[in-house]
Each structure stands twice: as structure tokens, then as C-alpha cells.
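Each of the next two complexes has chain A plus one more chain, namely chain B in the first and chain C in the second.
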Partner chain A sequence: MQLMPEAVLVVTALVLLGMAVAYESKTLKPFPVNSAIGIATVGILLAIAALWCPPLKLNGDSSLIASDGLARLFKGLVLGLGLLAICIPPARREIPQIGEYYALMLFALTGLLLAAGTNHLLFLFVALELASLSLYLLAGFPRTAKASEASLKYFLFGGVSAAFMLFGMSFLYGFAHTAKLTEIATALAVGPPSALAIAGLLMVLVGLAFKMAAAPFHYWAPDVYQGAPATTVALVSAASKAVGMVVLVRLLLIGFHSAGGSASWGGMLPGWTIWLAILSAVSILFGNLLALAQTSMRRLLAYSAVANTGYLLVALAANGRDAAGSALFYVIVYGLATLGALAVTAAVERDRGNDSISSFAGLVKRSPFQAVSLLVFLTSLAGIPPLAGFFGKFAMFSTAMAATASGEKSGLAWLVGLGAIMSAVSLYYYLSVLKQAYVKDAAEDSVSSSAPCLPVFHALSVAIPAVLLVLLGLFPSILLAPISKAVIDSLGL
Partner chain B sequence: MTPAWTILTAFAGALLVLLLPARSAAFSRVVALVASIAGALVAAVACLERLNHPDAPVWDLNLPWVPDLGINFHLAANGLSLTLLLLTGIVAIAGVLFSWNVSHRPRAFFAWFLTIIGGVYGVFLSRDAFLLFVCYEVVILPKYMLIAIWGSTNKEYGAMKLTMYSIGASALILIGIVVAYAAAGGKSFDLDYLAHATYAPSLQFWAFPILFLGFAVLAGMWPFHTWAPTGHVAAPTAASMLLAGVVMKLGAYGAMCVAMPLFPQGFMEWRMVIAGLAVVGIIYGALTALTQKDLKFVIGYSSVSHMGFILLGLAAANQWGLRGAALQMISHGIIAGLLFGIAGRVVYERTHTRDLTALQAFDLWKTLPGAAVAFTLATAASMGLPGFSGFVAEISVVIGLWNVYPWLTIPVAIGIIITGAFSLRAMIRAFFPERKSTDAPAEKMPPLTRPEISAIALLLVVSLAIGIYPKPWVVLIDDGLRSPLFQSILSLP
Partner chain C sequence: MNPLALLLTLSSLLFSLGLLAVLTRRNAILILVGIELMLNAANINFIAFWRYGPPDPELTGPMFVLFSIAIAAAEAAVGLAIILMVFRHTRSTDLNRLDSLHG
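Presenting the complex of A and B:
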């Protein structure tokens, strides 16, 4: 029963929709948020439990719905991230139609799960569009100009990128006469990669770069991060990025492993790694430099997302199994940190009314819990030990460098150097937020001296990522070992 | 008694301080003192054991940590590590005693303080490049917090500058370590393994300066020293003591035990440059100290000058040079701690100025004779008078240098003369001003408190002990130099 988790999610979404409609038409009051969160939580927990359903033995080819290690592990992890995202409650009266909102969250998650478990290009496209269309809507739920702008921009950019991706996939089909990644790999193994295949791959990469918010395809990100509800942003930044990584790993390492070429400085060979390396370098530079100038916490997190996509692409450009494993580790760790930071931001917005960095002033006095958690999230993003973000970056950089040396011909020393230096720069803007929270005092005394207590759900969405980041930082093998195993199982390089 | 207890006591102390209830916050200094004394005692006992059983195998703890990347939790304690542990313990005790009167958020203060101590212990004990780097980076954030929250003059600027220098240098170290890991086959981060791998000379030529510079920035190598004076001046007394006393030693230790053993051939290529920069640092630091108006700036620049001797000993790279460098690490750790303690705590807390001209009005020789005597002795130690630790260390470095670059001893001698000049100038201006009989008599000052006296006595006794009877320290350091790490360096021509 490969699709059990997805089925559970869809059924839960439909139940939620039905209950909300029934409740609202009967009482003429909006559906209570906590019930919606509760139902969605139960649905996701059931879906996680359903992951243990034994897979059916399918006759013949299983590329359409793969039930390999990577699919199972990442379906679980993405569901976990989605659960944490759902736990961040929307601001008061931010979202008028609660039932629809949470049902769409579950639909988006369904699409993400399907995308994480397929080796078939066409199925991948359908799954990604299911997720994306839900996310466009989820961004625009609040009836504010900013949310509408965010949703529209997201939709327009997303539409163009989807067109690119589909066009590229048609090239790939024209080249290999199949949409299965394993068979594309066989077709590539015959001779040198044809221009048709590389052109098709590049167009697919453009589409995925948009979804991952890699520069220069990131223009939607700051507006969406700022205008959309925190819950949506958490899903976009954590769960959707994790799935994007899985898709990229499958596409590049199963389908196009042999067409990598080399991005070595001075020894470039045609292939996709050089393009990925350029994309990575541009994202790292753009994301970090623009983040330096931000005054809004959400926009800062958006540019930090761009920069972090850049780091992930460093490891991916190494075109190796270990590097892919470390990138998959980092994307989860990054997702936890960003999700937690968004949850704290949502709490501060609720308390102070906006997300400017200066509204974090004096947070340590108002709420030590939020301040300490924020410290964990931001230092993890900045890559300070003993937090998991540090280990993730370290693992990505060392495996990418090792792939250079062990003859896998990618030659990424220059990119690793750039990543390490710019990662140091990133500490500046993360510290400027922490400076507000720990060093500065709140500007006006009229503000109440302590922040109101967070609802339980919300507190959990802050506390769980913080604990996990510390735990994974001290004992990275808890997550890294299963990921390595799953990568070996799925890629078999 | 395993030396690992040093690390544990420090971090356990930090945790314990944080867990104290708010109303017994003042008790945190007692916890910090007990933790520091416990750490110092563990180090002292380990040193004595090593002295009594010099032929026993080196204590070694090697546990698998992240097997996927070849990372081990590998600690080892040879004589060199043990002496530096003892130094850290002593400076930590003195630091707590000098911050006995911290009343602003004392729990957070001592927690960050002990975190630095724990990280420093960790670096000195690590035998795995990853673990060493983790401990090295753990120190960064507490440094920022201590300076930005509890500092004085221009504290946010000084804190941020110091942090950005540290993290930038860490990025270089990361690149260097990762390059070595990749070039050695991508199997292990163990320092012994990395030091015994063979690296191509062309790789060593560019990788050595990156790794060495990363460490040397923290060691205050000219022209990358500018973080040190501003940081020291902005920091609260205990943090200045830690920064100058032990954190700068981390850089020197890393350069000595990581950069040089990994890339000995690269070191040979750059040795002349290092020696040159070290000499420039000695003279530049001394000359700049000669013109400073702020007592703490005088000490800050004198640190740059004294750290130059360590780098010079490393550049000499023979038995005398390395031994002198290690002795200078210990000696300067003690003396800088003492000078910063007197200037930043004893004098500043009573006069609220560190300006050399303004201090004349206080006639400190009459009103605060204890501090004047202590400062005089500390100045004598800092100038390198026989009988104090500085003399032993500097004479060893100069002997080592004479065997390699005899002509460089001339500028070094000039540097030593200028050191005498600026030390005497600062001492006389601050404590023994010329006063006319018509001047109004200065106000009475509160006498030295008991914690102050204890801290001053502790540091002075240690400095005198090393100066009068250096043998045990030299025996321990030579024991460390027999480690396989240094054989490739000591066998250099």
C-alpha cells in the first residue's frame, strides 16, 4: 500500500472540509482554529503511522510510485515538518475560511509526498503542481493587499516556471523516448550527452530552482515570506524545500549522474554541475548580501532561504552519494531552524504587531523561552556549533570537497570556499537580530513587561525544532545514518 | 583522574548556573568559582601525574561520533595540552574572582563565561580536527554576548568586530581542514591521520596559508590584529582576561598543532613571511602601545606585541622556538590576565576612568597602594625581567630564532626595549604621577577587596613560579613536543 499516507491525508482533508461547511452553515460562526489544527494533526499522525504499511509487491516497473528507502524516509520527515508548520496558529482573524485553509494544507502535503516518491517525470510534474497550486492559494488567504500580492506573484512566477519545466521534460522525452529516470540514465550511458538532453535538463532545473528559491529565480520569495500567513511560509520553506531536494537528488543522481561534467576552476567539462555551481554561487552571494540590508525579519528569512538553497546546491553539484546524503541532512535541519524562527516571529508579531527586527528588542526579558529558542534557530542557521546547522554545513562542504579529490571530477574547491566565507558573513545579520533580542531593551515602556503565554500548539512548534536542533547537533548520526542508508538504497551509485 | 573532567565541569557549571532560581542569582558566582576551581584542580592533578610518570602512555579517549564522515570524539592529553589546561583553569578562577561584583544578569554572565572556558578546554584536548573546530567555534557566540551585554566603551561595535573577525577566520580554518580531509582521502578527521597523510607540495603551498591565517587571526597576528585592542577594551574585565589570556592562545595553539603539522612543506615556504609579520607585530604593537591614552588600550596593544613572540617561536620551528612559544602562551596568559584585571576591575571600578591623564588626579600610589604594587610587579613580568615567566619564554624564543634567522634578533631586541618603554610609561602615568605639593590631596579609595587580592596573588605567584623554577613546565612542554604531530616540523632544516 504505497499510497496509504497520501490517501489518509486526502480523506482527512475531505472530512475537515465537510465538517467546516456543516459547522459554519449551522452555527453561522467560523470554524474554530483549534479544532481544525486538531483534525489536521490527527490526519498527519495517522499518515505517519500509515508509512509502516508494508509496500505491495508490484509486478514490473515501480518508477511511477517508488517505495524505496528515500521515499519512505522523506515522506516521514516531510510529514513531520508539515505537522510542525500546521501547529503555528494564524493570527487572530487573519484567515476567514479555516476549514478550507487547513484542507489545502493537507492537499499541499499530499502533493509533496507524491513528488518525493516518484522516478517518473510526468508524475513528478503532476505531483508538484498539486502542491504548488495549493501553496499559491495558501499564500493568499488573508484578505490583505500584501497577501494578495504575494499570492499573485507566487502564482505568476510559478506558472512560468512550471511551463519551463514541462517544456524541458518534453525535450527529455524526445531524447530518451521515455519519462522514467532510470531509462533516461540508460539512454545517456550510450554516448556523450546530446545537446537536447542537456537543454531539457536545464529547463527542468530552472523550474525546480524557482521552487527552491535559488537566485536569480527567487523574486517571489521575499514577498511571499512577508505577505503570506506564517503557517504557509513554514510549509513553503521547510517541507516544500525538503521535497525539492529529494526531487533534485533523484533527477540528477539517478537520471543524469553520468552527464555531470566538471565545474572545476580552469578544467571545466560540459555537463550540468557547472550550471548548478553557478546557480549555487549566485544564490549564496545574492541571498547573503541582500539579507544584510533587511529590516523585516520575514524578508531576512526569505533571503536566508535563498542563501541556504545555495549551500544545498554546493553539495548537489558534487554529483556524489555522500554529498547528496549530507545535503538531504542539511535540508531537514534547515527546515527545522527556519520553521522555528518563523514560529517565534509569528509570536512576536502577535505581541508587537509587526515583524521588524527592532520589534524583537528585549525579547529575552519578555519571554526567555522564545529568546532562547530564537538563539538556537538563528545560530543553527548561521552554522555555529553545537547546533545541527553547523554539522550540516560542515558535512556538505567536506563531502563536496572530498568528491573533488576522489576523482569524481567536479572540482568544487572554489565553490566550497565561497560558501564557507559567505556563511561567515551570514552571522552578521543573524547576530543583528540576536542583538535586539539579547542586548537591546524594548524601546517604549508602555509594552507589557512579559509576553503573553503562547498557545500549546504554538509553543510546541517552537520547542520541538529547538530540541531537535540541539539533539541533531550533538548526535548527527541519528539522522545522517538513516539518510545515508536511504540514499544507498535509492540511488545505488 | 581523566582530563576530560575539565570540559565537563565547565559545561556542567554553565548549565547549573542557568538552572539557578532567579532569587538566588547572586549565588551563581559561587557556582562559577567552584566549577573553575574544580577544572583547575583536575588540570593540576593531571599535570602532576604526567610529571611523575613521564613514560606512561598519553591519556587518550577515542569514541566514534559520526562514522559516515570519519569523525571521532577523540581527546588526548600530552604535556603541552595539560599545561595549557592548567593555564585556562587559573585564568578562569582569576576571571571569576575579578567579576565577583557583577550584578547585571549574573546567571547569564557566568553561564557564557563558563561556556568559553569549556570550549577552550575542548580545543586544547581535541585530537580530531572536527571536534577541535567545534570547540573553537563554541567560543564565538559567548564572546559576543559577554562584550555586547556587559562591556563598556563602544561595546556593540567592538563585539561585532571581534565576532566577525573570529567567524571569518573560522571560515578559513574550515576550508583548510576540509581541504586536508579531502586530499587525505576523505576517510577521517583524526589529526594524527591527517598529519601523516602526504599532500602534494602545490596543495600545501596554498592550503597552508589559508589554515594558518585562520588560526593566526585569533592569535592577533599583524595586520589582522585590529579586533584585539577594540575587543579587549570593550569587553568586561573577565572577558578581556579570557580573550587575552586564553582565547588568543587558541589561535596560537591551532597554528602550532593543526596548521603546521598538517602542511609542513607549505609551512617551509611561508616561514619567512610568518617570521617577518611576527617581528612587525612585536614592534608595531609596542610602538602603538607607547602612544595610547587609555590604560586598557596600552595593554591591548601590548598583547599584540607579546603574541608576536609566540608566532616568532612557531616560525623558528625548532625545539627552543616551539618550547618558547608554548611558554609564552602560558606566561602571557597569566600576565595579560593580571594587567587587565587590575586596569579593568581594580582601578576602573574605583576611578571610573582609564585615561592615563585623568588617572593622575587620583594619585593611585598613595590612595591604592596595593594595586600600585601589583601593577608594578605585573609590569615587570610583562617587560620580561628575569625572575618572571615572560623572561624565560622570550629568551627561549630568541635562542630558537638565533639558530634560524640570527639577523632577526636585532629588530626583536629593539621591540623588547620599546616594550620596556611603554610599560614604564603607562605604569608611571597611571600609578606614580608627578604631583606638586600645591595639588589638592586625592580622595581616599576603598581598599582592595578579598576576591581582588586572591586573584592578583594567584596570578602573580604563578608567574613568579614559572620565572624562578621553569623546569616542570619545560618538562611538560617537551613531553608534548615529543608527540608524533610535531616530528615533521622538528625535523625541518
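Presenting the complex of A and C:
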């Protein structure tokens, strides 16, 4: 059964919704957060177990609901990231309707899973919209001016990007008279891509760049990261970015592999790799330079998300199987690191009341556990060995150097060089947070000398990513090997 | 001019009008209207390519339109709910009044 995990998630969401409504109308008290998290956790664990259901043999082709290696592996990984995100509890009385909130989390995850497992444009659009519409609402759940502003901005930018994507898909349909990526690839193999196909792909890429927060389409990201609840931000930054990468890999390497052209310096050939290279260069520059000026930890993480999208696009611009595999590895590593950093930020906010970088001062004295985890997350984001972030970036940059479609080696050196230089710049802002946490003492008037103990769920959402990042840094092949196997299985380049 | 080209011109005009509304208007509801125009321009494209293209037994074009109409309706519902929520805080739907988030 291909759609068993999604079915389990939807049923769990409906059960959760029903229980919350029944409980609230009977006792007139809000549904307890811990039970909601517990039910959602059970649902996600059941969905992960359902991944092992044997796939049904379908008549005809299976592009609508692909059950290839990439789909199965990433459904599991996205469910894992979603589980970690759900474990970050909302601040006290931040969210009045707990049942609805966690049910929508599960619906958003359902949309993300569906999007990760399809080679069909219509199905992809519907799945992405299911995820996005849930995420817009999830951003606006707290009844504060900030959250509703974040939600409105997210919605307006997301709506325009969806319109761009649909318009681009209509051109692709007009070009190939099909919505299946494999058949679009056959249509492209006949001759050079027509203007219709190029315009269509460009518009779909604009839509996806919005969703991935690539500069210059990143304007929603800092506001959403700052205003939305931490749980939502964790889902947006980790799970939804991982799915965005899978969608890009499928679209570009299955559908448009032959129309890639080349983005190597001096030997450029027209094709989508050049657009990706430009998008990537702009994201790397903007993300890193704007992150330098931030005083809010959440906005800093948002600009770091923009910069990391840039690094991911470097590997995609190489238009090769190995590079795609390493980008898919890095997006998971990045997701774990940013999710953990958000969990620590949420804990500091709970203690200090705001997310400014100066409120991290003296964190090592207040809570050594949070400080050590934060060290792991931020150094992994900065790419310092032996953490997984270093290996991921190294793998991406080296595969991007090794393989360009035109055959000449190291054609993308200009882009990889830019990425390497700017990730050295990024050390500055990551380390300035760590300096606050380890070197600076908390201000005199702050009363509590030790942070309150975290709830079990919250502690897990900090500890598990930290352990995984160290583990993946020491033994990257436990994730890299399955990913490259899945990429070979799905792309078959 | 053949009918396909005419229809594509119409849809491009609609899409540009919608995009213009999104870029110039400061009222959230009018931006939502612009987004709906852009979605409907895509629908015209799908029907035009289906009608004047080679026969398509899978009816991909009309299917796309059916789903996108449903999604546009859901999007309008979600959007208006969010705009209402913002209105409760700022007493306006003007985007220039939204300035609680900054670096």
C-alpha cells in the first residue's frame, strides 16, 4: 500500500481533532498539550511503521504515486523531522486551540509526504498546496499581532508563488501535453527545448524558490521565523525544506536532465543550471551578509536558512547524480541542526522572554545541556569537523566540482569558491552567538541562576538532533549510502 | 491569429494584471484578488492547450483546472481567515500598518 503512511496521519489527525472537541465541550478546559503531543507522536510512529507495508502492484505507470527508493527513504526522514518538530512544545498559553494545532501539523506532514513521492505535476501541486495552506495557518495560531502578521505575509508570498507555479505548469503541459515528468523528459529528448518549456520551467522554479526561501524570493522567511510558534518554524525549516529538495531533484533530474546546459565559468551553455547557479550565488551572498547584522536569534536562523538553500543549489546546479545525493544528505543534516537550534531558542525564550542573541548570555552556567547542544548545532551549521555539517558541505562542494554535465572538470569552481568563502563569513555570526552563551555572563539583574528543567519532549527534541549530528559526522555513510542507493533507484541516470 | 494564440494572449494579460495588483496594491484583500486572477489565467491556459492540442485521453488539462479551482477556493478561505485575524489586531487590512516584525 503506497499511501498507508499518509492514511495513518490523516486518521490520527481526525481522531485528535475529535478528542479535543469532545474534551473541551465536556470539561470546558483546554485540551492538555502533553496528550496532544502524545497522540501526534503515536500517529507519526505508526506512519513510520506503515512505510514497511509492501507496495501494491499498479496497472500502468506509477508516476502519480511513486513508490521508488527516494520516496520511501524521504517519507521516513521527513516523518522523523516532523516528529522532532512536534516535540518542541508551545510556550505556556501561546496556542489556545491545541487540538486543531496538532491536527494541522499532521495534515501539513501529509502534504509534505505526498509531495515527496510523486512524479506528476498535478499531484505535486495539490500536495504542495495541502502542505502550504496548513503551514500558513500553523504560523498564525497564537493570538498575537506578531503571529498574525507573520501568517499573513507567509500566505501572500506563498499564494503568489503557487500562482507562478501553476502558470508555469500550464506551459509545461502545453509543451509536452502531459503532466508526467518522465514523459516531459521524452518530449525534451526530441529536440531543443521550446520557448514554452523554458518559460514554464522558469516559472515553476520561481515558485519552488519561494518555498525554499532562496534569495531574492526570501522576504517572508525572517518574519515567519520571528513571528510564528517555534514548532511551526521547525517544521517549515527542516521538513518542508527537505521535501522542497526532493521535489527539485525529481523535477530537474528526472524531467529536465537533458535541458540542463552548463553553468561553468567561461563555458556556459543555455539551460536551467545557469539560473540555479545565479539563484544560489545570490542566496549565499544575501543570506550570509544579512545574517551578520541580526540581533534576533530567530531572524539569524532565517538568514542562515537562505544561505544554506544557496549551498544546496550549488550541488543541484552540477546536474549530476552524485551531487544530488550529497545535496539530499546535506538537507537532512541541515534540518537536524536548525531544528535543534530552534528547540534551544524556544527553551531560552521560555526562560528569558525573548529571542535576542544577548539573552543567550551565560547559557552555559544556567543550563550546560542546552549550551553544549547549541555548540553542536551551530558548529555543524558553520561546517566545522567532525560534525555532520562539515561532511555534508564537503561532499556537496566536492561532487559539484567533480561533475558538470559538459564533461569539463571543476567548471563550477567559481560557485563552489563563493560558497566556501561565504561559509567562512558565516562562522562569525554563529560564533558570536556561542560567545554570548559561553563567555559572556548574564546581566546582574537576571534573577534565575539556573534555567528551569525542560519538559521531557522538549529535552528529547534538543538531545536527539545533537546525538545524530555527532553520529552522522563520524559515520556519514549510515545515511549517505541509503541516499545514494535511493537516488540511483529513482533517477537511473 | 489562431484561437490558441488568442487565448494565450488573454491569459498572459490576466496573469500580468493579477501580478500588477499584487505588486502595487497595499490592501491585503485586493492582493488576494490579484492572486485569484493569476490562478485563473493558468486555468485558461490548461483548457486552451487541452482543446487545441493533440487528443489527450487522460484529460490532464481539465483535471488540472478542476483541482486548481478547488484549491483556489480553499486558499481564499484560508486567506480571508488570516486577514480577519490580522484585522482584529490592527483594525485595518492595509499592509503598511503591519510593522510589528523587524530585525
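Simple rule for what comes next: the second predicted complex is superposed on the first by the 485 of 493 C-alpha atoms of A that agree within 3 Å, B and C clash if a C-alpha of one lies under 4 Å from a C-alpha of the other, contacts with A are read in each partner's own complex, and residues count from 1 in each chain.
Just so it is clear, a residue touches a chain if its C-beta (ideal position, glycine included) is under 8 Å from a C-beta of that chain, and two chains touch if they have at least 3 such contacts.
Note that the coordinates shown come from a computational prediction; the quantities given were computed from them, not determined experimentally.
Q: A:L156 in the overlay: touching chain B, chain C, both, or neither? Say first, second, both or neither.
A: second
Q: Quick check for you: in the superposed arrangement, does A:L133 touch first (chain B), second (chain C), both or neither?
A: second
Q: Using the touch definition from the top, say if A:G325 reaches chain B (first), chain C (second), both or neither.
A: The first partner, chain B, only.
Q: First (chain B), second (chain C), both or neither: which does A:V246 touch?
A: neither
Q: Figure out whether A:A347 sits in contact with chain B (first) or chain C (second), or with both, or with neither.
A: Neither partner.
Q: Counting only touches as set out at the top, which of chain B and chain C does A:A116 meet: first, second, both, neither?
A: Neither partner.
Q: Is A:S423 touching the first partner chain B, the second partner chain C, both, or neither of them?
A: Touch partner of A:S423: chain B, not chain C.
Q: Using the superposition on chain A as set up above, list the residues of chain A that contact both chain B and chain C.
A: Touching chain B and chain C on chain A: no residues.
Q: Which residues, counting only chain A, touch chain B once they are in their complex?
A: Per the stated touch rule, the residues are 322, 325-326, 379, 384-386, 390-391, 394-395, 397-399, 401-402, 404-406, 413, 416-417, 420-421, 423-424, 427-428, 431, 435, 438-439, 476-477, 480-481, 484.
Q: Of all residues in chain C, which touch chain A in the complex?
A: 11, 15, 18-19, 22, 28, 31-32, 35, 38-39, 41-43, 45-46, 48-50, 53-54, 56, 58, 60-61, 63-64, 67-68, 71, 74-75, 78-79, 81-83, 85-86, 88-90, 95, 98, 100-101, 103
Q: Can you tell me which positions in chain A touch chain C when the two form their complex?
A: Against chain C, chain A makes touches at 122, 125-126, 129, 133, 136-137, 140, 143-146, 148-153, 155-156, 159-160, 162-164, 166-167, 169-171, 173-174, 177-179, 222-223, 226-227, 293-296, 299.
Q: Could you pull out which chain B residues touch chain A in their complex?
A: It comes out as residues 65-69, 130, 133-135, 137-138, 140-141, 144-145, 148-149, 156, 160, 163-164, 167-168, 170-172, 174-175, 177-179, 181-183, 185-186.
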